[in-house]
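Please find the structures below.
Each of the two complexes below includes chain A, the first together with chain B, the second together with chain C.
== the complex of A and B ==
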């Protein structure tokens, strides 16, 4: 409850206007997220690594030409991360159980209580009632705090255009699909239905049901049901989660608890904003090395040029 | 082709060509079925049903509980121990072409057990690929369906492959 009060106090008070959702929703929201929040159940036991979801995302989000074709499987030789040019990537993981290596699609997990949102000085992020975590590129100042705050290392920084939003990440196809009740492009194209779209609450039931019905196929855990306060995108796996690159050290407390003090700055920032701007900018520049660790190195280099 | 049983695997589909003469129920079993008629990214193709009948012998390998040997899966048996063969055995008879809508899952009869039923596309891919893997059948996308020009563009492949391929290690490097 404490956390909720805190949220109300800081987020609503400071920035209700920039949150698309009415402040009431925040107040009644629980750690289960919005009651009507949608989600996607990613069943990694079904994924065949065809990368169709990557191609579909590229088209739907009008992303630039990829470096290699979407049917090129050589990409699996590396563990890729989401970038400004690819809001979702599929990776292959080697396991030691002698079975065929599992694949896992990654993208923004659309947290119930997103670290990116709570850490953003200018409140560029919105958690919509449909469950999507979207952002307003017009207000983003490129401070990259969200990149550091995201426990899943998702937001990527865009150097390519002065007009595009600076931060880039999966938006759950909010503007073109989710808003209208339609499934995301990546979900729709998946030939294996490794991705199932539905109400988050239904997906959790469905996930547990799959585990119950075919216990040999899954470990008894839905990643994202509780992790970091819960996420809209959920994962089922045959092998322990850390073997498919899911961070099992995060715990179930949302990022909010960790950034409390930090978050306390928000209202102040909003009032004495102009004076602070240069300070934040300095901070961002100084943090650049830190950001490099988490993000595409080659792009960082390019960006400096 | 030893089994009786209703066969009518019209899947996404147009039924095609000569059918095997009557089975015991007077329902015909197609030798071939045209699949994938709706896709823009891949061409339709002719599924050789007769060959698969010969290869697998057992109808229920693909048509699970609807024909051939009846249900054995311990989960299904809980309700279907005494279920007989069904009238409808085509894939599309049970698996919807469009299973996607935000509320679809909620609108379904809450008493229905089979809520987690895959769409037609997924049912076929999972059934075919699952078996192909065990039987060493073809696994590549284009082993079954050729990509269209639009598909090539979509995947940035073939004639649409990225021209300025960066040197190895630069792209996606982490």
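== the complex of A and C ==
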């Protein structure tokens, strides 16, 4: 191979590598959430497990008939999770302090820096300025990485659909209500006012207020204020959070922080490797008389000698 | 096949059939046999019957997956979004396919001409491994027809998978270009051969970049789920390094394993150069692999020490972790050290197989077996899921074999002049030499069926 060909080769190599270059422009921000983000404060001490929110969500989001009617309390026998048919579920948790067992509603927490959003390679998720994390089924490829990346195990997938399987999760009633400044269906129907809709910043103040006013009713912590970089849906509880099924081992760093190490290394490899390996090649082949020949020819010539 | 060759059939290894006639394309396709001969040898091969049975069961199931949907074939659930297809097919096959860039780098960049006889096998192994990893991905994707979306419709550049998608697809084309040299030689298209040779170095260097990144990226995918992967298999700063480094011994050992199987089943396809150098090359590869394993073990220990996870080693998961490290790293490393020193090739080949299994086990553990360790229920793959994996893997073997039978991977393509020379000098002996039974190696474990493949016909 002649020197000129060598350079040409390197150029092509560089071009091929830079095809992957959009990956350079990742966006890792220390994003604190939109100032106008709305949220919901879930006061689990008020929830009575009536499941009306489940019913309201089912109707609002036009979900299929539930397997068990919404007034059936036998569902509390086991722990349920969100599925393609239910964007929100209420679970009952046993505690050993002799008081009546707490219930907790669960749905997408609408994270400030959502794991689902950062992991999606076609950008199917959007965090709107109202705080909702919505999903665009028209581009979703179905890799299910978002389900792996959601620290709260929220997104569900319609595995049963052969031709149009999609991610199914709570979207904060964005298209029908939140966009117009209206509270979501589940909040509106709650008979106990266990769910409070408002500006996230106000809700945090309100939460701390409640804790201060009635300290024996709550533990001194709002789950979601800081967890995983903060979430739009926040929880107050009487018992330690892990007893009502909230994962307390997650820490306050959003998912993206874990991935930064790797993403930060990418541009380095893209820029350093070509020079490094081309250099090694020159060194490794410099002192050989047929070093520039292609191997097959040189081999065969060697064989003949 | 060996019997046929002994009875006078000649193998295709140059454009000329005899001094005055070229092989036609059909003849090349049928390995220089007549059609009845070809069909005869295929039918006499019991391995082909096994394949037929696997296909008869597996292909309808694959079709069923696209008609009835994923829930018909998998137990993947909302809690376990990635099932066997990705754990085995994508995460398991990609590291074993790093051979393409490793051998490319060694030969083209580091100037290790002594490894050249096996370079093409390395490249082909890489190409096929990646290709079938993508096949597995297509089966697992909810909407596989949208696979090009991250390239053309909607970009999510902050996502690790975006990187994987771009790099794997670019790298696939790089590998196709690299392997196409053999193909161009075979169909007789010298312009193509020359064109690719000119850019070989560029291709190789871009191969290194892309491989480093996406091997690592597959590991980095798990950093999205810090709480779900068991801490022993997880490390937020080292995860991508683990995946990248373990792919080095993985790829090299896969090449050793494939060449071992081939030397038992299709030695008629080897030329003298390959036969003479196989043992020497195997030792070199094993040396590389042991260095890789040593590095891998070190960083594994480092990451445990770094996050102080020693306590987990005493749990059930910890013992399973130790089993994995023993099978995949420590035992093969010890065996390699002994066998390289004493030039015990059977042991080298056996430990290479252990490494391959160890890599599979590691990826299965990370993606499936210990995933969601905090949840109580484990996911057990559906039998149809297993059937699909076996079928796709069988297709992989069949394609692999099809190519090795034909393209100049194990042998060098003779140009017209060389053929004339050889023909004039000693027409019979060169051909007969190729038919001598290859050295018999003692590695036993993998794919008995594979070994049977040619014994009957030979």
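Keep this in mind: the second predicted complex is superposed on the first by the 222 of 305 C-alpha atoms of A that agree within 3 Å, B and C clash if a C-alpha of one lies under 4 Å from a C-alpha of the other, contacts with A are read in each partner's own complex, and residues count from 1 in each chain.
The definition used in the following text is that a residue touches a chain if its C-beta (ideal position, glycine included) is under 8 Å from a C-beta of that chain, and two chains touch if they have at least 3 such contacts.
It should be emphasised that the depicted structure is a prediction, and the values quoted were computed from it without experimental measurement.
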- request: Name the contact category of A:239: first (chain B only), second (chain C only), both, or neither.
  value: neither
- request: Return first, second, both or neither, reflecting whether A:108 touches chain B, chain C, both chains, or no partner chain.
  value: neither
- prompt: Which holds for A:42: it touches chain B only (first), chain C only (second), both, or neither?
  reply: neither
Field: Which superposed partner A:213 touches (first chain B, second chain C, both, neither)
entry: first
Task: Give one of first, second, both or neither to describe whether A:75 is in contact with chain B, with chain C, with both, or with none.
output: first
Query: Taking the superposition as given, does A:123 touch the first partner, chain B, the second, chain C, both, or neither?
result: second
- prompt: Where does A:188 make contact in the superposed view: on chain B (first), on chain C (second), on both, or on neither?
  reply: first
Field: First (chain B), second (chain C), both or neither touched by A:144
entry: second
Message: After superposing on the shared chain, does chain C or chain B touch more chain A residues?
response: C
Field: Intersection of the chain A residues that touch chain B with those that touch chain C
entry: 81, 83, 296, 298
- request: Spell out the part of chain A that touches chain C in their complex, as residue ranges.
  value: 1, 5-6, 8-14, 16-17, 19-20, 22-23, 25-28, 81-84, 115, 118-124, 139-145, 147-149, 151, 153, 155-157, 159-166, 247, 249-250, 255-256, 258-259, 261-263, 265-266, 269-270, 273-274, 277-278, 280-281, 284-285, 288, 291, 294-296, 298-300, 303
- request: Would you tell me which residues of chain A are touching chain B in their complex?
  value: 38, 46, 48, 50, 52, 55, 58-59, 65-72, 75, 78-81, 83, 86, 89, 100, 181-183, 187-188, 190-193, 196-199, 202, 206, 209-210, 213-214, 296-298
Contact set on chain C toward chain A in their complex: 66-72, 74, 76-79, 81-82, 105, 107-111, 113, 116, 119, 141-144, 146-147, 149-150, 153-167, 170, 174, 197-206, 208-210, 212-213, 216-217, 219-221, 223-228, 236-237, 239-240, 273, 374, 412, 418
Task: Spell out the part of chain B that touches chain A in their complex, as residue ranges.
output: 75, 100-106, 115-116, 118-119, 121-122, 125-126, 129, 133, 141, 154-158, 160-162, 165-166, 170-174
